[in-house]
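Sharing a structure below in structure tokens format, with a few things to ask.
Chains: A, B, C, D and E, in written order; residue numbering restarts at 1 for each.
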Amino acid sequence: MTNMSRDVLHTLSSTSIEKCMSCGRCSASCPVADEMNIMPHQFVALLKRREVEKLMESNTLWKCLSCFACIERCPRGVEPAKIVEASRLAVIRQQGESHISADEIPKYLESESDLPQQLLVSAFRKYRG
Amino acid sequence: MSVGEFKPLVVAFCCNWCSYAGADLAGTSRLQYPAEVKIIKVPCSCRVNPLFVLRAFQKGADGVIICGCHPGDCHYSTGNYYTRRRITLLYSMLDYLGIEKGRTHLEWVSAAEGVKFATVMNKFVEQVYELGENRRLEDWRCKS
Amino acid sequence: MKRIGVFVCHCGTNIAATVDVVKVVEAAKLEPGVVHAAEYPYLCSEAGQNMIIKAVDEFGLTGVVVSACSPRMHETTFRKAAAKAGLNPFMVEISNIREQCSWIHKDSKDGTEKSIILTRAAIAKVHLNEPLHPGESKVTKRALVIGGGIAGIQTALDIAEAGFPVDIVESTPSIGGKMAQLDKTFPTLDCSACILTPKMVDAAAHENITLHTYSEIEKVEGFVGDFTITIRKKARYVDMKNCTGCGLCYEKCPVKKAPSEFEQGLIKRTAIYTPFAQAVPNVPVIDKTQCIKLKTGKCGLCEKVCTPKAIVFDQQDELITEKYGAVIIATGYDQISLEKFGEYSYNSPDVITGLEFERLTNAAGPTGGDLIRLSDKKKPRSVTFIQCIGSRDTSKRGKPYCSKICCMYTAKHAMLIRDKYPQIEVNVFYIDVRTPGKNFDEFYRRSAEEYGVNYIKGQVGKIIDQGEFLTLQSVDMLGGKRMDLQTDLVVLATAIEPVKSVRIIASMLTASIDTNNFMTEAHPKLKPVESPTAGVFLSGVCQGPKDIPETVAQAGATAAKVIGLLVKDKLMTNPCTAESNEKFCNGCSACTKVCPYGAIAYDDGIVHVNKALCQGCGACAVTCPSGAMDLQGFSNRQLMAEVDAICR
Amino acid sequence: MQELMKAKAQEMLSNGSVTRVLAWKKGDFETNPEPAFFTKHVDDMVYNQYCATNLSNFMVGVEKEEGKTLVFLKPCDTFSFNQLLKENRISRDKAYIIGVGCEGVKVIDEMQETGALLEKCNVCTKIKHMVYDELIGEDVTRRVTDDPLTRFKDIEAIEKMDAGERFAFWQGEFSKCIRCNACRNACPPCGCKKCVFDNDNYDTAQKANVTTFEEQMFHIIRAYHVAGRCTDCGECTRVCPQDIPLHLLNRKFIKDINALYGEFQAGADIETLGPLTDFNIDQDAEPSIVYDRG
Amino acid sequence: MYKIDKDNLPELFKFLTKNGTDVFAPVRKGNQVNFESFTDEVASTLDLDTLKTVRSPKDFVLPQVEHLFDATIENKQIKLETSPLADKPYVIFGVRPCDVKGIEVLDNVYLKDPVDKFYQARRAQGVIISLACTNPQQTCFCKSFNIDAANPQGDIAIWLINDSLNWKSLTDKGANLTTQVKHLLQESSDIDEVEACQKDIQLKIDALPYSRGLPLDKFTPDKLLEIFNDARWDELSKACIACGTCTFICPTCQCYDVKDYDAGKKVKRYRCWDSCMYSDFTLMAHGNSRNTQKERFRQRYMHKLVYHPDKHHGEFSCVGCGRCVNKCPSSLNIVKVIKSFEVDN
């Protein structure tokens, strides 16, 4: 994990984090920022300082809803959501196992919880290596 | 021509008020673009005569690019409107005669667009690289 | 036979770092016609120029090539040096081996080889240069200022003080511009009207200044020293001579539907109105889209009450054509529109911009100066300012630049609130507070430290108007937590941009303008107040965001430049003009049709070029099939010689 | 029609209203009449389907001579007359124009008819005289096609080829060129007093096509100089001894101008600005259109 | 006298090309027949029936462009390098009798001293195989210049009679070419077949419109001034548009201009055809001695009919091939000029 240098993440997220002027609008716009231990603007700042381990262990990877509000509001075109997504993919691929397994899905389907299938499909895409 | 790896020669006609200033801005911002590009300063893009474009190809150029002010920004108010028509017809004729389209280009670059100038030059030289040496519009006497 | 001297500059290390200057000199020596070649660390320096002057005498040079920085930097310097040595200045050619070679090619071999080629091209061109002598054209000793804000007024006053007549053209009914709308001005907090109105009155009273308010530029012809400009004075429907400014008419006017532009639309204004009390000229204007009389022929109340009978319903637009030597663009700015920034719900009455806040707190403003929420007219318990709305934004929605003045005026607003209503809590969301001027940072720190303004490093993602209060979904980056701050009134520090009409004025004057609609200056450091188009000068925000102190300082600089031009009796005209060779001219007069300046006249089989009008663009030289029409300084042979030298 | 013309010519010559008559004189073969000036009698004047020359071109020569000239112009020649008028090379009051009908001009090879008509006659849409004082026999003018686009068919054929084929095609055609300048001298708008190719003053003088480049250069620049001024009168193709289809070059410019800047027929009138001395700020296409249109 | 079948001509040409001799023969391309280098691709388009090629064989002995020398400059030192002389033998097949005479006229100019060594080298390498004109055209008037179309000159004469070629070598150059290809030829002795063909040609020539003899006797050197100042030149030259067509396709026009071309690294001096019809022909330091088209037009015909015969024992510089009659844009030509002098005024 440690040698996951910034460049790998940089290419994965295909966005240049140098553009960030740390204005904080991404975190301000993020609906789940308060539940994240590393807020989007901190995520980008830490990535700039290559402290990749903190990012990997943060719960931000799993809290992020990919609603892309941060991308929409960022005045400098930094696209924080893509960085989070890249880090999440890196974690999933790294550990070889995923955050959600196939056999968990049926229980969501039958139970009375009216989870929309689309949510399950996208969760499956996001959380499996 | 130097033997071995082919190095294209690109002649750029830049208008003094906008694109030449854009080139200078690219310089002050230290934006790299290939040394194959050589710039000739003309008062306005409307000063570029098709004779000069053909002359450049005859004498050994592999690509010719003309830069001028954005329509509406011309220092002489209507200069680049004429350039636009003349050069469209010239490029259309060259294409009609089978000359590769990639050898000629026209770009509007304002004095504030140093970045655009560098990107355009990089892209154009690369395009000329792919086309290789200018064979279809060459004068063999100027080559040996 | 041509005797050419080549001088290659090191420019310290700017050139020497990636170009082997000695090799360039050696290569230049081999060129035909070159009798002397030398290099020098700083050719543009006194010593460098003297070296050239000495060489001209010593080697009897007839042509000089300087391989150094861009001709746009020091062409005039080297031409003056040559002139000192008795050589015609137009026998000097510059080859640009810095901006267009050493700075952009890391590989020294490429850089050197290219410098040799560019020098060779300049040598080939000098071989064909002929001595050119600038012509002369007269200077009309009158200036035109477009825009009546503080920039226009100050420039006009300074020019008028020097004894030259100045016309100010202002599109709104009164001069004063944005500054008239402000309450206090930073950093000294003196009342904006108190320092502006005296200048407005001086401008109106000054015998050298004529005001054309409620007017626009219709047409521009000519060029530096000899502009012929037509001004359209829009019909005010009020006779300016006998109106006394008593104000009876706009008191009686029954129509009060149009939002007052001056009050940023916070209140409505009558059909016949003056923008604000201290308007100069204090003559009302009838808005023909509102006035019932003009629309349907009924009413006419204002005419009845007007004792001096100044109301003229059938007044027509008036076209005035005047000759000017110089034109100053001082068109000022507007705040950008916020319709693309839905997240700040600017449509809510309690979310206002900085200018609207100025009107709210202004004693002459719609609320007589007391700060209230526009929704329920109650006094706000807390006011929150948000910085950089639309500024420093590279997405298509906003402006990539910093608008420069917002941090200071927000600190001013915050300080004024805390001073007048100590119980109101004031927050400011900022990215970084930029207060670099003299006494500026002290001013900002006083507002934070002495007046307890709560500066929060962070931004607002979304504003939700919940009736009694507004919720700001925001983040406190230093505290590292998201916040949903509740406040009663939000003031957005909105980005500023040049007025939309400046693009039309720029194209009329063929002055270059950049993609953000700011006028491009001839050189950011060497010529900041002139446009590259000779005779066109820039004053105020039209050239770039700036505050009032800078604007007034720049206005003075612009005036100085204009005075420098108007004081001359005649101007040296550009000698690189077109010339027709009568032997080869077919008389087809295609050239007369493409000349933007109408400088070519056809008579009896051949054409003649009026050297005073010709600006040397070269359109005619290319239209002429037989090549009879050629351009001095950039002739067909010279340009082809450059092409040959480059391709050799 | 010929008799009517001769009678009119003789009448105007004798009553002195014109000093000379510009028409065709009988050649030593039935098929090779030559353009000629008649000053006294018009006995051996002829007009038939072998009279190909565009007489407007000769009016430039007599512009300086005093007295009026009676000239017989076919419908397509009148466009050239207008074009020369627009460029002050001739003056309207020095010419008395009789528009004559035209049944198409026959192609002659070795003094024999080949049975075909000139290329321009097969696509002719110029059936109305643009400028004239009088008309004789204009109703015989044959109407070939109403579709003005037939004349662009061959050009479209070439445009459909790929770049390599186009280059080979034109290389073949240009290599035939012997630089006899007949195309230049027969072309009414291409009548500079001193052509750039004859003029060493501008370092562009070029007497022979020494290399393939100079072949291309001559024809590109010649077509470019008459772009927007060429009335498509077909003289260049007719006079070329090497049968190079030169009209395909000039007509390509006409096709481009019509497509990009709106229908324009040079010589239709003497007021409208030529396409290359005019512009349209917002509608003019960008040069990159050449690359995008495939 | 030898015979060879028309169909195995290509084989003969291939044989010659194999051992180092270029072969040029009339080949049809589109509606034009010109001498082209004979290769397999063009074999099928060999055309011996069309009477005249568009460009005369002058091209082979006096090409439109001929490089003379290159000048280069090294550190301000100038170096000259003359172009190599022609050294490859070649054969021009199917040259008509008028063109053969045309080349002879050029020989009389370029091979007299001072001999033009470029021309001489080209001429020495060339073998001319002439072909009798079995069907002369309307525009021919070679008879007026006493050229016998029935028995062509050159190095080898050929009569094409129903698909077989009667081959007779006339000069030693012709002889040793014949020995070279002897194995492909068959001996033949039926002379009468050839004579019949010759009589037939002479009959056809006499029937041509121009053959009743042009008044060439009017053009004698002593009448030079009289012809020069004749008023008819005005009218004759009015329709001339000063293009160079007639001079460039004429087999006997022999004027050239010397030009330099700056190719950047070197300067190349070359000579190229010039036309007396051009405005810058004989452009001297002071200007041009012939300013009007009438003077230039007159110069061309005076040179062909008066000046050239004056210097070459009465040999006219025209061979009556009729190319100018066919190609002049204004239908002017030498025949009309000669005829117009028939009646002295």
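What we mean here is this: a residue touches a chain if its C-beta (ideal position, glycine included) is under 8 Å from a C-beta of that chain, and two chains touch if they have at least 3 such contacts.
Just so we're clear, the structure is a prediction, and the values are computed from it rather than from any experiment.
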item: Intersection of the contact lists for subunit C and subunit D; value: B, E
item: Shortest path length from subunit C to subunit E (each step joins two touching chains); value: 1
item: Far-end chain from subunit E, centres as C-alpha averages; value: A
item: Centre-most chain [mean C-alpha coordinates]; value: B
item: Highest C-beta pair count, chain pair; value: B-C
item: Cα-centroid distance, subunit A relative to subunit C, in whole angstrom; value: 45
item: Gap in Å, rounded to a whole number, between the CA centres of subunit E and subunit D; value: 31
item: Interchain centroid distance [CA atoms averaged], subunit A/subunit E, Å; value: 87
item: Multi-partner residues of subunit E (at least 2 other chains); value: 261, 264-265
item: Overlap residues in subunit B, where contacts from two or more other chains coincide; value: 50-51, 59-60, 72, 78, 82, 86, 139, 141-142
item: In subunit C, residues with contacts to at least two other chains; value: 594, 623, 636, 640, 644, 647-648
item: Full enumeration of touching chain pairs; value: A-C, B-C, B-D, B-E, C-D, C-E, D-E
item: Residues of subunit C defined as touching subunit E within the complex; value: 30, 32, 644, 647-648
item: Residue ranges of subunit C in contact with subunit A within the complex; value: 343, 388, 392-395, 398, 431, 457-462, 473-475, 477, 480-482
item: Residues of subunit B touching subunit D in the complex; value: 50-51, 54, 57-58, 71-72, 78, 81-82, 84-101, 106, 136-141
item: Complex contacts: residues of subunit B adjacent to subunit E; value: 59-60, 139, 141-142, 144
item: Partner subunit B, residues of subunit C touching it in the complex; value: 70-72, 96, 98-101, 103-107, 110-111, 113-114, 117-118, 121, 507, 510, 512-515, 520, 532-533, 576, 594, 596-597, 615-619, 621-623, 631, 634, 636, 639-640, 642-644, 646-648
